[in-house]
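Next come the structures, one after another.
What follows is chain A paired twice: with chain B in the first complex and chain C in the second.
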Partner chain A sequence: MAEKKISFYERMQALDRRYIYLVVALAIIIPLLIPFNSKTYVTEPSENIYKKIDSFAGRKDRAVLLSFTHDASTMAELFPMEVSILRHCFERNILVFTICFLPQAKPLMDYALQTAKEGYEVQSGIDYVNFGYKPWAIFVPLLLKMGDDIAEAVETDDEGRIVNNLEIMKEIKNYNEMNLIVDFSGSAAGLRWITYARAKFGANVALGVTAVMAADNYIYLQSGQLTGMLGGLKGAAEYEKLVDVFATHKELDENGILKPAPREFSKEIIKESWIKMSDIKNRQHKTARIGMNAQTVAHIMIIVFIVLGNIGYFVSKRKTEKVS
Partner chain B sequence: MKRQIPLLIVIILGFIFAIHTFVPHKVSADFFDWYQTWIKAISPFMVLLGIMSLTMVHSTKIKRKVPNWQYSVVTLLSLVGTGAVGFIWGTQEGTPFMWLFKNVQMPMGATMFSLLAFYIASAAYKAFRARSAEATVLLVAAMIVMLGQVPIGIKISKWIPEISSWILNVPNLAAKRGIALGVGLGMTATSLKILLGIERTYLGGGD
Partner chain C sequence: MSFETISNFIAAFFTLSIFSFLYKDNPFYKFAEAVFIGVSMGYAIPLIYKDVFTPFVYRPIFVESKFWILIPALMGSLYVFRFSKNLSWLSRYPIVFGMAIVGMGVPLSMHSYVLVQMRSAMLPFDNINTILIFIGTVSILLYFFFSREHKGVYGKVTNVGIWYMMVGFGASFGYTVMARISLLIGRIQFLLGDCLGLVK
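Up next, the complex of A and B:
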C-alpha cells in the first residue's frame, strides 16, 4: 500500500517542539553575545519615576525607599531596574533606604547595592542605609508604623546599628520625608504600599514589576495611585537610558576634560538622544538594553511562529474541507 | 472548646483591628505598639515551623523510599548546608553563603523562569490559532502588544506603540478593573462573614 504523502504544511503543523526550543535558544543567546544598537523609547510611567527621584537631588530632608520583594527567578527583569535607580541616587546625592521582607530577596538586595556602589564614594549610614531583612509577618505593621516614625519602626539596620542614631536620619522622620517608595516584585506585593502607605499617609508609591505583572497595575497608574511604573526589561532599559542621558551626563570643560554635568529631564533631549552600546564601558550599566535586543528577536520570532502556525492551520483546514 | 476559643480570638481581634484603623486614640495606638512587639517575637517561630514541616515531609519520603526520594536528600542537604554556611561565615558579600547564592540559587531561579520563553514560543506555534472571531481579536492584540514592547515596533509604524498603549489602557483596564472590583467586594463580604462567625471553614473539620 502506498504511503500517504504528507504536505509541507502538515509537516510544519506536526513539527517537533524541540526544533522550536532550539530556535528560541539561538534567538535569545546570539543577541546577548553580540549586542546590537537599538533605540530605547522612554515612556511616561518611567519618566515620572525618574523625575520624582531626581527632584530629591542634594536634599537631606527627602529620601527614597527601595523595597525588594522578589527572588532570583525574576532577577533578569528586576535587577537592572534596581541597579539603575540606585546609580541614579548615588550619582545625584539622593538619600536612599533599602529593605526586604523575603529572605530570598536579602542577597539580591546586597548584590544590587554592591553593584551600584562601584565607582561611587558613598557611605552606609550617611548616603544610604540598608534596613536589611524584616520578617514578612511584620510587613504591614512596620509599613504602618513608618507613617509615624521610620527609625522607631525599623529599630536596627542590616549592620545592627540603631537607625535613629544614623546621620542619614537627621532630617528624615516618616513618609513626609521618605516620600517615594519603589517596590520591586514579580507579584502583587507592591499593592500593600498603595493600600496603606499611599491611602493612609499620602506617600508616593512606584512599582518595578515583571512584564507579566505590568498589565495588572495599569489601573493604579491611571487612577494616580502610582507615581510611575517600570514594566519588565523594557522599563529597566528605559531607566538605564534616563540615567545615562541625564544623571551621569558629562561635558567638556575649558581644558577639554570630561566633567560630570547632570542635567534636568527634558522630553526633547530624551527624544533625540542616541547612545551606542559600545560607548558604555560597564556591562552592568547596559544589561537591560542588551537584554532588550534578545527580547526584540524573541518577540519577532514568536510572531513569526504564530503566523506560520496559522498559515499551516488554514491550508490544512481548506484541504480537509475540499476532501470532504 | 477547640473551635470556640479560636473563633472568639478571631472575632475579638478582628473587631479590635477594624476599630484601630478608624480610631486614632492613644489607647488604640498603644495597643498597636504592643501588638507589633508581639508579632516580632512570634514571627521567627513561623520559620521554625516551616523548617520542621519541610524536614518531616522529606525525611518521611526518604524513610519510605517513595519514587524520586533522592531529591528529598538533596533538599535536606541544601537546607542544612546553606543554613550552616550562613551561620558560620555570615551572609555578607564574599562569604560562602553569597557564593552559593550567586552560583546555585541565582542560575537555578533564572532557569526556572526562563523556561517560560520556550513554552510560550511552542504554545504560540502549536495552539494560538485564529479559530474564531474572538481568538482572532486576541491574536492580533497580542501581536500588536508584543511589537509595541520592543524598539522595532516604532520602526515599523509609529502607531504600533500607540495602539499597544491603547489596548493596555482601555480594554485591558476595563476587564482588570471589573475583576478588581469583584475581588474587592468578595473580600469584604468574606471578611465580614469571618468577623461575624458565619464563615468557619478556615477552622477546618468540615462544617
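Up next, the complex of A and C:
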C-alpha cells in the first residue's frame, strides 16, 4: 500500500513540541555567546523614573524608598532594574531606603544591595539604610504610619539599629522627604502604594514590574498616579542605558585621565548615544541589555513559528474542506 | 573549591533538573521540586520567628512588659483552630479583625481605582489619543451592557469594543511571552555566565 504523502505544513503541525523548545533554547544561547550591539530605545515611563530620582542628587532632604515584593522566580526581570536604580543612587549621592514585605524577598534585596555597592564607598546608615524584612500583615499600618514619621514606623533597621538615631534620617521625616517609592514586584502588590501613600499623602510612586504585569499598569501612568514604570527586562535594559549614558558618564580631564562627569538627562543625548557592550567590564551592569539581544532573536523565532503554524492551519483546513 | 563554586554547582544542578521536565517527567524534576518547597519553608520559618515573633510578640511582652499585646497575640493564635472540626469557628475571630484593614482600604481604593480613573478618562479631545480612549471606553462599557441584544448599530459599536479588548489582550499576551522568555534568559545567563564563564 502506498504511503500517504504528508506536506511540509502538516509535518509542522504535528511537530514534537520538544523540537520547538530546542530551537528557542538555541535562539537564546547563541546571542548570549556571540553578543551583538542592539540599540536600546528608552521609553518615557523609564525616563520619568530616572529624572525623578536624579532630581534628588546630592540632597540630604530627599530619599528614595525601594520596596522589594518578589521572590526568586521573577529575579531575571527585576534584579537588573534593582541593581541599576541602586547604582544610580550610589553614583549620584542619592539617599536610599530598602524594605521588603516577603520573607523570600529578603535575600534578593541583600544581594541587590551587595551587587550595586561594588565599587562605591557607601556606608549603611549614612548613604543608605536597609529596613529589612517587615511582615506583610503590617504593610498597610506601616505604610500609613510612614506618612507621619518613617523612623517611628520602621523602628529598627536590618542590623537592629534604632532608625531614628541614624545619620541618614537627620533631614528625612515622612513622604514629604522620602518623595519617591519604587516597588519591584511580579504582582499587583505595588498598587497598594498608589491606594495609600499616593492617595492619602501625595507620595510619588513608580513601579518596576515583570512584563506580565506591565500592560495592566499603563492606566495608572496615563492617569498620573504613577510617576514612571519599568516593564520587564526591556525596562531594566532602558534603565541600565540611562545610568550608563548620564549618571556614570566619564570625560577626559586636561591630563587625559577619565574622570566621572555625570550629566543631566537630555532626549538628544539619549537618542544619539551608542554604547558598545564590550566596553562595559562588569557583567552585572549590562545583564538586561545582553538579555534583550537574546530576547530579540527569541521573539523573531516565535513570530516565525506563529506564522508557520497559522499557514499550516489554513492549508490543512482548506485540504479538509476540499476532501469533504 | 570556593563557596561560590559550590553554590553555583548546586544551583546549576537544580536548574537542569527542573528543565529536564521539558523532556518528560522524571525523578530529578520531582527531587528539585520537593527541595525547593522544603528550602522555602525552612528559610521562611526562622526568618518569621526572628523578624515577626521576636519584635512583635516576645520582646513587647517579656522584655518591655506591654502585657496588652497578649490580647492580639492570643487572638492571632486562634487561627490554629482551623484544623479542628469542632472548634474551627474560633478561627473566624482573627479573620474578622483582619477584615478591618480591608474596610479601611475601601474609600481610598474607590478614590484611586474608580474616581481618579474616571477623571483621567474625561479629557478634552485635543489629540488623537484622547479620542481613541473615549471611543474605547464607551464601546467596551456598552459591550458589557447585556440587557440589550448586540445587533444593528448597537452591535456594531460593541464590535468596536471587542476589537479594543482584543488589542488589549494581544498586548498582555505579548508582554507575557516576553516575561517567560526573560525567565529562560535569566537561567541560561546563569548557566553560561556564572557557572561556565562564557558570557562576557
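Operating definition for what follows: the second predicted complex is superposed on the first by the 323 of 324 C-alpha atoms of A that agree within 3 Å, B and C clash if a C-alpha of one lies under 4 Å from a C-alpha of the other, contacts with A are read in each partner's own complex, and residues count from 1 in each chain.
To be clear about the criterion, a contact is a pair of C-beta atoms (placed from the backbone, for glycine too) under 8 Å apart; a residue touches a chain by one contact, two chains touch by 3 or more.
Source: prediction; values computed, not measured.
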For this session: Tell me which partner A:Pro135 touches in the superposition: chain B (first), chain C (second), both or neither.
Result: both
Exercise. So, A:Ala76: does it touch chain B (first), chain C (second), both, or neither?
Worked result: both
Exercise. For A:Thr40, is the partner it touches chain B (first), chain C (second), both, or none of the two (neither)?
Worked result: first
Exercise. First (chain B), second (chain C), both or neither: which does A:Lys145 touch?
Worked result: first
Exercise. Looking at the overlay, what does A:Tyr21 touch: chain B (first), chain C (second), both, or neither?
Worked result: both
For this session: Applying the touch criterion given at the start, work out whether A:His299 contacts chain B, chain C, both or neither, answering first, second, both or neither.
Result: both
Problem set entry | Which of chain B and chain C A:Leu252 touches, first, second, both or neither | neither
Exercise. In the superposed arrangement, which partner chain does A:Asp216 touch: chain B (first), chain C (second), both, or neither?
Worked result: both
For this session: Would you check which partner chain A:Ile269 touches, where first means chain B only, second means chain C only, and both and neither mean what they say?
Result: neither
For this session: Return the residues of chain A at which the contacts from chain B and from chain C coincide.
Result: 21, 24-25, 28, 73-76, 104, 106-107, 135, 137-138, 141, 211, 215-216, 219, 222, 232, 234, 295, 298-299, 302
Problem set entry | In the complex, chain C residues that touch chain A | 22-23, 40, 43-44, 47-48, 51-52, 55-56, 98, 101, 104-105, 108-109, 111-113, 116-117, 119-120, 133, 168, 171-172, 175-179, 181-189, 192-193, 198-200
Seminar exercise, completed: In their shared complex, chain B is touched by residues of chain A numbered 15, 17, 20-21, 23-25, 28, 38-41, 43, 71-76, 104, 106-107, 110-111, 114, 135-138, 141-142, 144-145, 211, 215-216, 218-219, 222, 232, 234, 292, 295-296, 298-303, 305-306, 308-310, 313-314
For this session: Write out the stretch or stretches of chain A touching chain C in their complex.
Result: 18, 21, 24-25, 28-29, 32-33, 35, 73-77, 103-104, 106-107, 132-135, 137-138, 140-141, 155-156, 191, 194-196, 198-200, 210-212, 214-216, 219, 222-225, 231-234, 278, 283, 287, 290-291, 294-295, 298-299, 302
Problem set entry | Residues of chain B that touch chain A when the two form their complex | 32, 35-36, 39-40, 42-44, 46-47, 91-93, 97-98, 101-102, 105-106, 108-110, 112-114, 117-118, 120-122, 124-126, 128-130, 139, 142-143, 146-147, 149-152, 154, 161, 165, 168-169, 172-173, 176-177, 180
